[in-house]
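Heads up, the next two complexes both have chain A, just with different partners, chain B and then chain C.
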Partner chain A sequence: MDLVSELALARYEKIGEIVDKCVERIEKPKTFSDLMDIVVTDKYVGVPIFLALMWAVFQFSYSVSVPFSDAINVFFSACAEWAKASIGNQQLASLVGDGIFGGWGFILVFLPPIAFVFVALAILEDSGYLPRAAFVMDRIMTKIGLQGKSFIPMLLGFGCNVPAIMATRTIEEEVDRKITIMVNPLMSCSARLPVYMLFAGVFFEKIAGAVITFMYLLGIALAAVMATLLRKFVFRGKASPLLMELPPYTVPAPKVVLVNAWNKVLIFLKKASTVLFAGALIMWFLTTHPWSATNGGEIVGKSYASLIGHAVAPLIKPMGLDWTAGVALVGGVMAKEIVIGTLGMVYGVGEKSVANVIPKHFTPASALAMMTITLIYVPCLATLGVLRSELGSWKWTAFVVAYELVLAYVVALVVYNVFSLI
Partner chain B sequence: MKDTRKFIKAYSMVLFAVTLTAGFVEFLEGLTGKSILLFPADVFGGVILIVISAVFLRGVMHEECEAFFAFGSLMLAVFGVLYTLVFFADGLDAFITGSRWSALNNLRIEIALIPLAVPGLSVFQKYRKILPP
Partner chain C sequence: MRLHELRPGTKAIVLDIEGSLKSKLLSMGLTRGAEVRVVRNAPLKDPMEVEIRGYKLSIRRAEAEKVVVKVKA
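Take a look at the complex of A and B:
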């Protein structure tokens, strides 16, 4: 032991002696929160409880929201049919039916599961469990080179990466903050949920919830690996310790939960009415034009979208994906919600029939590869903008995009080949 | 007080055995793809029941057995309610889409286990009332 450590030890021993003489210790009465914390922060069952509750959140959002999504689906399909039957001009009928009603249908059908995720997370937050989750995860986060405070932005990433990256401002240590920002896009935001829901629902019907949970866990695992690598090779040093106050447990107030969830749903609705709707219209144009060559959008193979898809196709062919997936993935750079809508337009079917058509273009293994790429590859435009502003550098933003593209390619290739064998 | 703790430990052991058995059945069925009434083939659903059983077992070995008993029962109830919601959502969805739905085939053991969580929930509620938050 060196002199400095000896001095520090002696100083703390002296402090202890003085405190023992001056302070009378009384036993703090046990609270309800203390009692519950014994369970949720237990070293053996704490993490399994956390994982079980996360699984409940996604089971709730996926399975309970189905009738609401189907009701929206039925409504917009009827509107699209009505528009196409009532409007004489074919191009206008296609724009209104497939572009506008079809586009809205593709987007809004995912509103219920997204809203249900936000409601479930709001219940956990208002109950006081989420800070405990950060505490429980601190042990694991420290092992991967992050700290417990990084957990909250990572968890917010399940909703949307934009506020999640902004939430890293609560992390004082600059290096911890940068690493948290750089791995945050790997957390599965709600925009990716529709892609998982569609593919998992079609190819893994009975275990759809499990497959979706697997995708979320894959994102968490990859974020952990990347954080470890970044800490080891790019930003050296140790993570700073976690200091946080745990609020008492409360029964979630329905009004607080609903307001909290509604504020987040509103962000989705604003995005849906602007970026997503514009994206759906652009995709309608690309899949139906040149109008004469595509015979009014019937031969998508001769459309502009087909040109883009065929350019990307050689790259994604090793994962069992064809040009149609390429178009959808290019569209997904704008916003991940557009992926499914684009597939629907490329296949020339309404949102109701996408699920019936995709088995012709995907296998269970290639569906998993598609979900994996959607999870990992380039963040959406809004996230890229926030990455740039929070990292304060184009160089680091480009680094995030580059590592995500390489990682997406490698992991999707592994997933496809492994699951092709099963 | 001693008798209450004895009861909690004994009842925790019963819940541990029930949830562990049900969890293993669901898990194994999930691996084989076959299912029987009340026990769907669900690997993850099985794992969740095994986690709940672990909470009850940990309580039996822990000084604060009441806390584990109450929280384990809360989890049992939460998952029971969750699957009840899924049950009704499936029925509603079948009505909207016009597909076939059988109530019997959609029932799960987790729903049937809800009544077993009642004693634990009453302990949970008791502590919530007598202890400061």
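Take a look at the complex of A and C:
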């Protein structure tokens, strides 16, 4: 017998002695938890129950939070308008209005979905269901380089990658958690949908639905491939067993649930918002300067952002994209919501009429390439902020950005060329 | 026999643990002489749920394979 085993044995003997003295066990044939488990981990209904619960969580998190985010948006837009109207110096007014108020509004709209996601997750966790969810889904998820507990963060990514990445904290296994974080941005968040809808709607009218579905599936497939590759080559040889307790079910305590959600909001504000705010100011500067040339941010085509767009133009030319796409993608680094708005500004037609102008600059094949790039390339600033705070290092954050840029380029090129052949 | 070979409902006694996860499994209470009962398999057969020392533990088949057991009559 070896020392480790003997020590463990001795420890458990001691524990047994103490427990026997102070715990009285009542033998029940089947506890409430046993009965629950018979249902929720059932061979046939276990997975459907899980999926139904997830649908509820998703709707609660992302639909119920919308009015709150809208209210924050309206409030900060009003603040920005007020600042611009009351400050005499145009440049300063723009900085305070669009840069500072705009930047803070941009950060704070993430709070409602974060709060709602974590209220829902805390209820699941506190009730004891979360480990069952991992138990039910583990087999499927290990097939694609992840594990049972990765499923919920990946699913949440379809709403917003910010709370999704924060939700990986339920994964105790370090390697599994890192991999789940790193592939999460490949889940098409709701901000990417309008871009898909615009391009698919204009170039693939009748099969637009199929094209949009393809983009979602492409993201899932790439996440699976990347997770497998990361496990094999980056985190090689590191075993991560799934040894977890399936605790008895309990009724969630409202206080625990609320405190948990509140803590997540604070973490986001403290850790991620600094990166976000700095990024928002940089983006403001790039789109409105040089000040006189852009006429105070009116003519985006003359801005530094546009310079960057022009600079990347030769790179994206092989997939049929011109500098206007380049500028839009630079804008998309801030937030994917901005891609369409930036295109509108570049063409000087406003967001509503973009659909009428894009056929001049894109072909069906290059539209597909544009959607593919939007899906894969750099995560938005907010996601970047939480990547940094959850991965705990700039090195890993830079790694994620680097692999996504390369992946976006390669996949977009393939998509463009394959589609051009058809 | 190995833990992963047992059908749900079977009780067994732990004899030995092999492999690199030994200390982890030991700390979870899978010590020599401890009684384990297989509660169920997950819907896709993996992982499996076992009861040990009065609590329920989820363990993958790959790990359960490292647990040498003797079936209790």
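Here, the second predicted complex is superposed on the first by the 211 of 422 C-alpha atoms of A that agree within 3 Å, B and C clash if a C-alpha of one lies under 4 Å from a C-alpha of the other, contacts with A are read in each partner's own complex, and residues count from 1 in each chain.
Criterion: a contact is a pair of C-beta atoms (placed from the backbone, for glycine too) under 8 Å apart; a residue touches a chain by one contact, two chains touch by 3 or more.
Treat the numbers as computed from the prediction; the structure is a model and nothing was measured.
Applying the stated contact rule after C-alpha superposition, one finds that A:V74 touches chain B and leaves chain C untouched. Contact with both chain B and chain C is seen for A:D42 once the two complexes are overlaid on the shared chain. With both structures placed on the common chain, the touch criterion links A:I140 to chain C but leaves chain B unconnected.
Judged by the touch definition given at the top, the superposed model places A:A210 against chain B, while chain C stays out of reach.
Once the two complexes are laid over each other on the shared chain, residue contacts for A:S127 go to neither chain B nor chain C. Within the superposed three-chain model, A:N417 lies out of touch with both chain B and chain C [touch as defined at top]. Residue contacts after overlaying the shared chain place A:T363 against neither chain B nor chain C.
Of the two partner chains placed by the overlay, only chain B lies in contact with A:A56; chain C stays clear of it.
In the superposed pair of complexes, A:T228 makes contact with neither chain B nor chain C.
In the superposition on chain A, the residues of chain A touched by chain B in one structure and by chain C in the other are 42, 44. Taken in their complex, chain A has these residues touching chain C: 1, 4-5, 8-9, 12, 25, 37, 41-44, 46-47, 131, 134-136, 138-140, 142, 148, 239, 241-247. Within the complex, the chain B residues that touch chain A are 30, 40-44, 48, 51-52, 54-55, 58, 62, 64, 66-68, 70-71, 75, 78-79, 82, 85-86, 89-90, 92-93, 95-97, 127-128, 131-133.
Every residue of chain C that touches chain A in the complex is listed here, in rising order: 17, 20-29, 31-34, 39-40, 42-47, 49, 53-60, 62-63. Across the complex, chain A meets chain B through its residues 29-33, 35-36, 38-40, 42, 44-45, 48-49, 51-52, 55-56, 59-60, 63-67, 70-71, 74, 206-207, 209-210, 213, 248-250.
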